[in-house]
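Order of writing sets the chain letters: A, B and C. Residues in each chain are counted from 1.
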Amino acid sequence: METKFGRIKVLYPKQRLIDKIKGHVEALNAGLKEAIKPGRITIEYPRERRELPDNFRGFLLFDVDACISCFQCAFVCPANAINMRGAPNGRYYPCIDYTKCIFCHFCADTCPRGALHRTKIHDVAFSDMDEMLATTEELLKPPEMIREDKYLVKYEIKDGDIVLVKEETVVELAERPKFEIRPAKVSACAHPENCIACTLCVMTCPSNAISTKVENGRRVLIIDPKLCTGCGLCVKECPTCALALIER
Amino acid sequence: MVTIFGLTISEIMNIMVKEGVSIPLIQPLIDFLLKIPIIQYVVALILWKPVFAVLILPGLGGLMISLLFIIWFERKLTARIQWRMGPLEVSRPIAGLMQPMADGMRYLFQEVIVHRGAHKPYFVQLPILAFIPILLPIVFIPAGSIYGINSPYSLIITVALLALIPVTIIAIGWASNSKFAYIGSVREAFMYFAYEIPFMIMVLGMIIIYGTADMATIVEKQGIWGAFLNPFAFLGILITTAMATSRLPFEIAEADQEIAFGPFVEYSGILFGLVMTLAYEKMYIMGLIVSVLFLGGGGGPAIPLLGDLSPAIWLFIKALAVMMVMAFLRSIYPRYRLDQALRIGWNSLISLSLLSLVVAVIVRFMGGV
Amino acid sequence: MKDMAIDIPVEPPAELKSLFIPIPPEYVEDAYNKDEYLVLVGPQHPGSGHMRIILRLKGDIIMDAIPDPGYVHRSMEKLAENRLYIQNIPLLERPSIMDPGNYNLGYVRVIEKAMDIEVPERARYIRTILAELGRIGTHLYDAGILAVFLGHTTGFMWPFGLRELICESFLRATGTRITSSFIVPGGIRWDLDEKVLDFINKSTYTLEKRLKGFERIFIKNPAVISRLRDVGILNRREAIEYGVVGPFLRASGVEYDVRRVEPYEAYPELDWDVPIAEDGDAYSRFLVRVEEIYQSISIIRQAISDMPGGPVMSEDLIGRIKEKDKVSRDIRGYFYRIFSKLKLPSGEYTVLTEAARGTLLYSIVSDGESNVPYRVRIITPGWAYLRGFMESLKGSRVSDLQAIYGSFGYFPPEADR
């Protein structure tokens, strides 16, 4: 195979007496240069806060109105950190166990409605292990914050060197990033000829939107679009691919 | 009538006041204090030149101030070179200057653990005993008219006393009775011989140049600084200072990545605080000797307001400058291996010291100083 | 020189029996009878990491070195058998957290090979950039560890400061500083915009500029050179025999680089060199990696300037979804729907990747029915060159242990998996 690869042979620097003296002088000089004009890149964290990008993977917040209880976040979580718990309204909402969470944000990327969304909060303290299991209520609003920071620091590259740009602002950390909510869909029986009337979908549906009735001696599915949240669980469960998600 | 050595108290007071340190800046205060009974004896004693030399400057007081300063300075300078901030949170307004003090407090209240295998009496005593060879040389180092003992052999005695310090470190390693402490002590012993011989040859060279071993006379004779008279000896002594005080690149006995602080591995609490500062204290004494031999000692533009204190302060500043150079080395160099350091000591440094001896003889025959 | 020995019977220390060291008691007695002694370096030692090295010393010379790894073993291979293919991505980048690009890439490429997924051009370039960023970050990390092992604190702080640039690049691109889990089968999770690519491009120039200062204070420092030169030598034959991999193999004069032998991603389209050295000592192992940093910088710049447009997710995977164009740039909202049904055809699939510290092997056995792997095998470079590392210790001094350790950049979590 024709390639453009070459190879470089790494050579030792020469080590005669004169080279050694030069090496010592250069090392001392390099140190002295920094001592006079340091290229400092430290951010004094509690007083200053570094600017984080919008896609920063931090503490997760939850939007109860957008949630369709589809369980996908709990299924995809590699660390089993997400628990779905029953709410008084009969739906199931996620709780996040922060002892397990690894902040891969597979859940946030999975959520079809953007109900779990990322924030720039990365420094949450818990008083004990039990408290680290964040219940749905605790995920609804950002945690209590004591802000010490007065500056926002940003790494910028100017003239080929890195500089810290300080700005005297306090940024909102729990801001919801702009997320285009995908159009809501509903489940429908796209291929009724495939249906074998196993009623797995009926049993799966978390919002009891699917019912059956007998028509012409054949059991057919009735999906109530008002109750259907478009979670797609039934589509996943259907053994014969009779169901599909369609635009509402 | 109470007599001490056949002198009455008032006669002793007279001697002490006559030989007291005169500082025009606070003279009214001293005069006032000397009139108060009882306190007058204390003030007169402290201001008596031999006692002042040992207790205040360049003695114990100077040692403590330089210690607190140099530890802070070293950390701050290293942090600056390494793109960091350094100690800051303790006393923010003065850039964390109180940090060494806070660390000292922490050591003071930490439990001192004496492990089962240690030789208990020596293990506890030695860090304190190590202060003797450190404090004794100060008696002989003159700062202008302030000195403890004036002797024609003061330089030789100082160097001899300095040579005792590694012995205490080796003994500390032995008393610790641990593998790493043992390796560290052996390394210290090796290093001891590698730097001590060139160091003594170079001091000998300086004695040849000045024609005397009396430090007070040496300072008087330095119209031109010794560093310019014999630059080889100056360079050599700076390197031996780094070796003797186990600074990088010669921090071989303590090498924390290899043998976990070597001889001091078993210490904790205030005893660790004491052994840790040993090297810095030695550095202060070496700094004083280097400034006496090469940097004109207490010489410098006299400050009339400070009177007798002026040369002492110059000496102190020069010693601090030498310590700062040593502190700077820390962020530049890695650690040499033991055999490489020994090669430097027995090969390069001895050549350098012999060269400096030749230069000294030449300077002597050119007319000396 | 004649060997001198004082004939005093020495009892092996009693605690050697109770420390659960993986050597037979006869070995201990033999050592002590022969006027040698054992020093256990680690696992709590500041210079050993989470590993114990049992040194058999004769005076100051290391006669034998026995590794006792496994203190950070996390049974990743077994854990991976109980997770969906997609859920293994965060797990299998954990062995070496500073090198997420390569570790992700290796695993994802096995899945792509098994399922025959075509990766879009733009995604391949971005993956190359991430892999090279990880490589630079790892080499800087190792340089810092080498420096602090030698007692050079500035040499420790500067590479870690420079690594901040790499972390910042990862942060802007993927949303995290380390463990990015960004590369997924068929592409990457979302597209990088021009601003991020521009920052990465600019930061390579800063990196190059500041590396020059690092070169003066550490790499070309005569004290460093004298510490590393002629220490821990592995010649060409030994290096091959003991199975040393990666830059450490290349430092012994063997020209082997997976990126060159079995090219993947965008490497064949870019112009770069393989650095090699002849001597195989600690210093050449270090120099080769320094040269690799410069090569990686060049690769990143080329990849950014040649970056093609287009989707970043494979058609093969998002084929069933209606808004294909939107999803092909950004899979947010479809992650589970796309990846939960990954199922590999039955068989065994093996892929080699050139991770920062050497050849990384991922092998997956699939039964073709379940949505979890039947068996996952990882051979990390750290594990591969542990043998060579131990062999190179023999005959050197105790103080060289740290220099050799640092020159190999041995990272116990990586070797133990």
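Here is the rule we use: a contact is a pair of C-beta atoms (placed from the backbone, for glycine too) under 8 Å apart; a residue touches a chain by one contact, two chains touch by 3 or more.
Treat the numbers as computed from the prediction; the structure is a model and nothing was measured.
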Seminar exercise, completed: Chain with Cα centroid nearest the overall Cα mean is chain C
Exercise. From subunit A, which chain is the farthest off, judged by mean CA positions?
Worked result: B
Problem set entry | Distance from subunit C to subunit B - Cα centre to Cα centre, in angstrom | 47
Seminar exercise, completed: dist(centroid_CA(subunit A), centroid_CA(subunit B)) in Å evaluates to 59
For this session: Indicate the whole-number Å distance between the mean C-alpha point of subunit A and the mean C-alpha point of subunit C.
Result: 26
Exercise. By residue number and range, which residues of subunit C touch two or more other chains?
Worked result: 154, 161, 217-218, 221, 226
For this session: Provide the list of subunit B residues touching at least two other chains, using ranges where the numbers run on.
Result: 81-84, 331-333
Seminar exercise, completed: In subunit A, the residues touching two or more other chains are 27, 31, 34, 39, 41
For this session: In the complex, go through subunit C and note every residue touching subunit B.
Result: 39, 45-47, 60, 147-155, 157-158, 161, 217-218, 221, 223-224, 226-227, 397-402
Problem set entry | Contact footprint of subunit C on subunit A as seen in their complex | 1, 3-13, 15, 19-20, 23-24, 26-27, 29-31, 33-34, 39, 41, 52-53, 55-57, 72-73, 75-79, 102-106, 108-114, 118, 155, 157, 160-162, 179, 182, 232, 236
For this session: Would you mind writing out the residues of subunit C in touch with subunit A in their complex?
Result: 83-84, 86-91, 154, 161, 164-165, 168, 171-172, 174-176, 179, 181, 189-190, 199, 202-203, 205-206, 209-210, 213, 216-218, 220-222, 225-226, 229, 251, 255, 260, 263, 268, 270-279, 283-284, 287-288, 291, 295, 323, 331-337, 339-340
Exercise. Once bound in the complex, which stretches of subunit B touch subunit A?
Worked result: 77, 80-85, 328, 331-333
For this session: Provide the residue numbers of subunit B that touch subunit C in the complex, in ascending order.
Result: 78, 81-84, 179, 183, 248-249, 251-252, 255-258, 260, 330-340
